[in-house]
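Across the two complexes that follow, chain A remains constant while its partner is chain B and subsequently chain C.
Let's turn to the complex of A and B:
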């Protein structure tokens, strides 16, 4: 073990931590927006799967990964609108419908892939987004390559953290948005259009989760396969709980889970004689332990997960 | 009133299935296929011969188990998304028992293996339950994480310590430990009978025992149950353990009855399918068995359809997914106040007419 713990290993580890935390972070932010408006969406994994497929497909056909990311966001919004209609207008149970999305969206993704590329196609490779080093900053030793030599999506994701924090805590629109998740009746009586706010939350959630999925197939690896998401949507869900429903907390949680993911990847490379399955367990176990020791019983928006019926007393 | 509710509960899944098939037909037509021909092959594949009928029952067996697991947990208001992990853990214990226990053999060993499989599933299911009642953790996340751990551990076993030869899979259970066939000419094994028995027990427990009543009460309203003096936490934990045990015994049955060995893909997706089946089956054990059978029909038929018409099996996956999307939306729709009022208006008008006459 001693020889793998050198400076190069640590630098690589930090670099992949930032990279692996990105999809988790952006999807946790998606969930954060949704839950702040009182909508628990456990369908993130499904939305990511569809985002990953659409992102890959559009990136492959246009040759432009940026278009892929954009298309992934649009696909995410589309599929999340099904969820939105059913839980907001029909007051379907959010958990149940999230589960329905988790089954539906990956099936659609797998279907489109098989129709487009044929049933027995081998792995097809699309374009991969190139890193965009930030001038000056990226030439700082170690730190520069770890933090400032990434694809633009990574910068966008990390930038979303302060943007979200400012929006939710410092702007009137953001406070209105939060009010919907805390006490929708009071919000409605103050003239906030609760239904509209919830739809806005779903649009943001779908778009960010779709980007998170598309990131996997346009920035991280350049192929699509069923199960590419591998539970990241659920890890993102726990990141929101672990981060106490605050953007800063979510960032820390995502970095922790990203670190666990990066660690197992690096260790696979470094020690090939350890069975990779045991190493691949690390992110999931890490999530479990993090939740078990730091998860809290009651926190988060008060009206989280509850259906909102306008006429109900 | 009660009859009407039952009718609605039966109608929702049926209408959802019809809608899903309509959308599926449109989908097939839109990619240049012939929907009628495809569906003919689908049903021929599922019902065409006694061998195919048997194949369908074999496919339905694990789905019945995971469906029942999901039903049982959700009746108590807890969401067990970890049936896949519990299924795998049950099978893991069984392969260990059947390859390493000496001195016992044949049917007694199968029974031992099934019991231990149920036990292992129960323990695996208890983890999210314990974390929920003591730490207030979201049981869905915990059970999902445990799925990945279980599946990866299985992968470790069949590529490492329990590997047989060059292919990454374990050795098969020996012939004496294979579940018997129900009738000649098909591969329906007695595991299907076990599944039906478990369904009957779950049905009896939920609807005809006081514990089952309390468990459902906790699921409907845990605050009210708490003030009634039911120990809510105890019931939630019990729901998880029993749910896990059902999934675990399902894994054992699948191992002894159908797969005989562990390999890549064992149990994949059965957990989520179980949740879908339970929800479409309106959380009723009988409904669960029927929907599990429907899913199995779709799957066996899908292969025949792919061979016969070249239409990929993924079409059937979509139809399956649409059934759940429609069924859940339908259940929510009939519970909306406006729609409920509409129903009441319709029925009360009829009653008025009767009075006038």
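Let's turn to the complex of A and C:
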């Protein structure tokens, strides 16, 4: 064990943590915006799958991964609008429609891929976004390459954490936004347009989750395959609860999960004799324990998951 | 907004109607077929948990079925992206539709096939990597030991750092066989070889494949890898491509010619089409059942693919000699 605990190993481990936490973090932030406006969206996995496909497809045809990310965001917004219309205007059950998106969107993605690329013996490869090292900061030993030598989407994701925190806690618009998730009737009586705020939440959620999906296929790896999302949307969902609906908490949750996953892969490589199922459990065990210890007190938005009927008393 | 919704709903109904028509049509022809069995068009269906466009296992199996069907005049159909709970239901519906042969490409379908097969004695089932032999189930078994040995020998010959890696998708019996023989063969050609292995726990999480390969390269100095995890291997190849002098061995198709990354140095090719053709012959001749069709180097079921230009001539010759030894069964005694 001693030979692997050197500086190089730790640097690689941390680098891998940042890489693996990024898609979870951006999608958790998507869910955070949605839940803060009182909309539980469990369709994240589906939105990501469609974002991943559209991002890859546009990146592949234009040769520009940035266009891919943008297209992924647009596709995410589009598919989330189905959810938005049903749960906001029709006041339908949020869990049911989230699940519907989870079934519908990956199937559409799979269908489009099959129509466009056909059946190949190897995966089609698209362009990959180049890393953009930040001058000066990236030359700091160890930390430099861990934190400041990534694709712009990674910086964007981590920047979104303080931006979201400031928006939700320090701006009037943010407080209005949160009010919708806490007590929509009171918010409405004070002149906040609840329906509009909820739609804004859905647009932000769809865009960020779409970017999270597109990140997988344009920044992380250069191919699309069905199931590339691999349940990251659901992990993001639990990261929001674990992070107690706070941007900082969500960041910690995503990093913890990324770290545990990166660590378990390295432990598998280091000791081939240990049954891999045992090690593969580590990230989920971490989440489970963390939830058990930190998630006891209910801290979510009060009107979370409840439909808002405007006419009702 | 309401108009849009109504258009959407109309489209949905239309779609449902169309699929309904499609299904009933096939059912009709099947009853007609069974009446005059002389001019019968045989039909084969494949089910899959991954999609057929996964660029790996699913694609290879689907292409094998289509190739075999073209030659033997079978009609093909498939259902992919199935969940484990839906395996049996999907097989059953194909049996109900009058399909003659149902191809289940993997060990994971064993239970579902066994369950359905006993209710449909007239339908034939081909189970790839299976171990079941009944009246209407035939197992197709490419020799995982030979596949592992061929990959291990090439990895052992090509490794400069004496460290090679293996990625598994799930801990299936065939994967375990491949890993054990990969390790044994590599050690037989180079006693100093160390093998690092890891399981992705998935066949589709390409990002995880990349992370595993990365960690093997950086922490274990691995320079040749072999994978049994379908799309996950593509992710591993991407990580290998970002390092100089790191290579991958492909399977189950001959992947070198389509490889743009340049990391694949050779492939261990499994020719499922040959085995499915044998099955189809048996279906047509009415001799189906109670056997396992093996695929090995001897009958062309397993073979060495093309090499990339990264493999020096002397290693090629040495490797092909070893393949001959594996074929004769004199390479590793187990």
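The rule we apply is simple: the second predicted complex is superposed on the first by the 287 of 313 C-alpha atoms of A that agree within 3 Å, B and C clash if a C-alpha of one lies under 4 Å from a C-alpha of the other, contacts with A are read in each partner's own complex, and residues count from 1 in each chain.
Throughout what follows, a contact is a pair of C-beta atoms (placed from the backbone, for glycine too) under 8 Å apart; a residue touches a chain by one contact, two chains touch by 3 or more.
All values derive from a computational prediction rather than experimental measurement.
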item: Touching partner for A:67 - first (chain B), second (chain C), both, neither; value: neither
item: Touched partner set for A:225, first chain B, second chain C, both or neither; value: second
item: Which of chain B and chain C A:92 touches, first, second, both or neither; value: first
item: Partner chain(s) touched by A:110 [first = chain B, second = chain C, both, neither]; value: both
item: Touching partner for A:102 - first (chain B), second (chain C), both, neither; value: first
item: Touched partner set for A:277, first chain B, second chain C, both or neither; value: both
item: Touched partner set for A:165, first chain B, second chain C, both or neither; value: neither
item: First (chain B), second (chain C), both or neither touched by A:14; value: neither
item: Partner chain(s) touched by A:132 [first = chain B, second = chain C, both, neither]; value: neither
item: Contacts on chain A seen with chain B and repeated with chain C across the two complexes; value: 107, 110, 114, 119, 230, 277, 280
item: Residues of chain C that touch chain A when the two form their complex; value: 1, 5, 50-56, 59-60, 62-63, 81, 165, 168, 171, 195-199, 201-208, 210-212, 214-216, 218-220, 231, 234-235, 238, 250, 253-255, 258-261
item: Partner chain C, residues of chain A touching it in the complex; value: 4, 8-9, 12, 16, 19-20, 23, 85, 89, 107, 110, 113-114, 117-125, 128, 216, 220-223, 225-228, 230, 261-262, 265-266, 268-270, 272, 276-277, 280
item: Complex interface listing, chain A residues touching chain B; value: 42, 82, 86, 90-93, 95-97, 99-104, 107-108, 110-111, 114-115, 119, 230-231, 234-235, 237-238, 241, 275, 277-278, 280-281, 284-285, 287-288, 291-292, 295-298, 309, 311-312
item: Chain B residues within the chain A interface of the complex; value: 31, 79, 81, 131, 135-138, 140-142, 144-149, 152-153, 155-156, 159-160, 272-273, 275-276, 279, 306, 312, 314-315, 317-318, 320-322, 324-325, 328-329, 331-333, 335-337
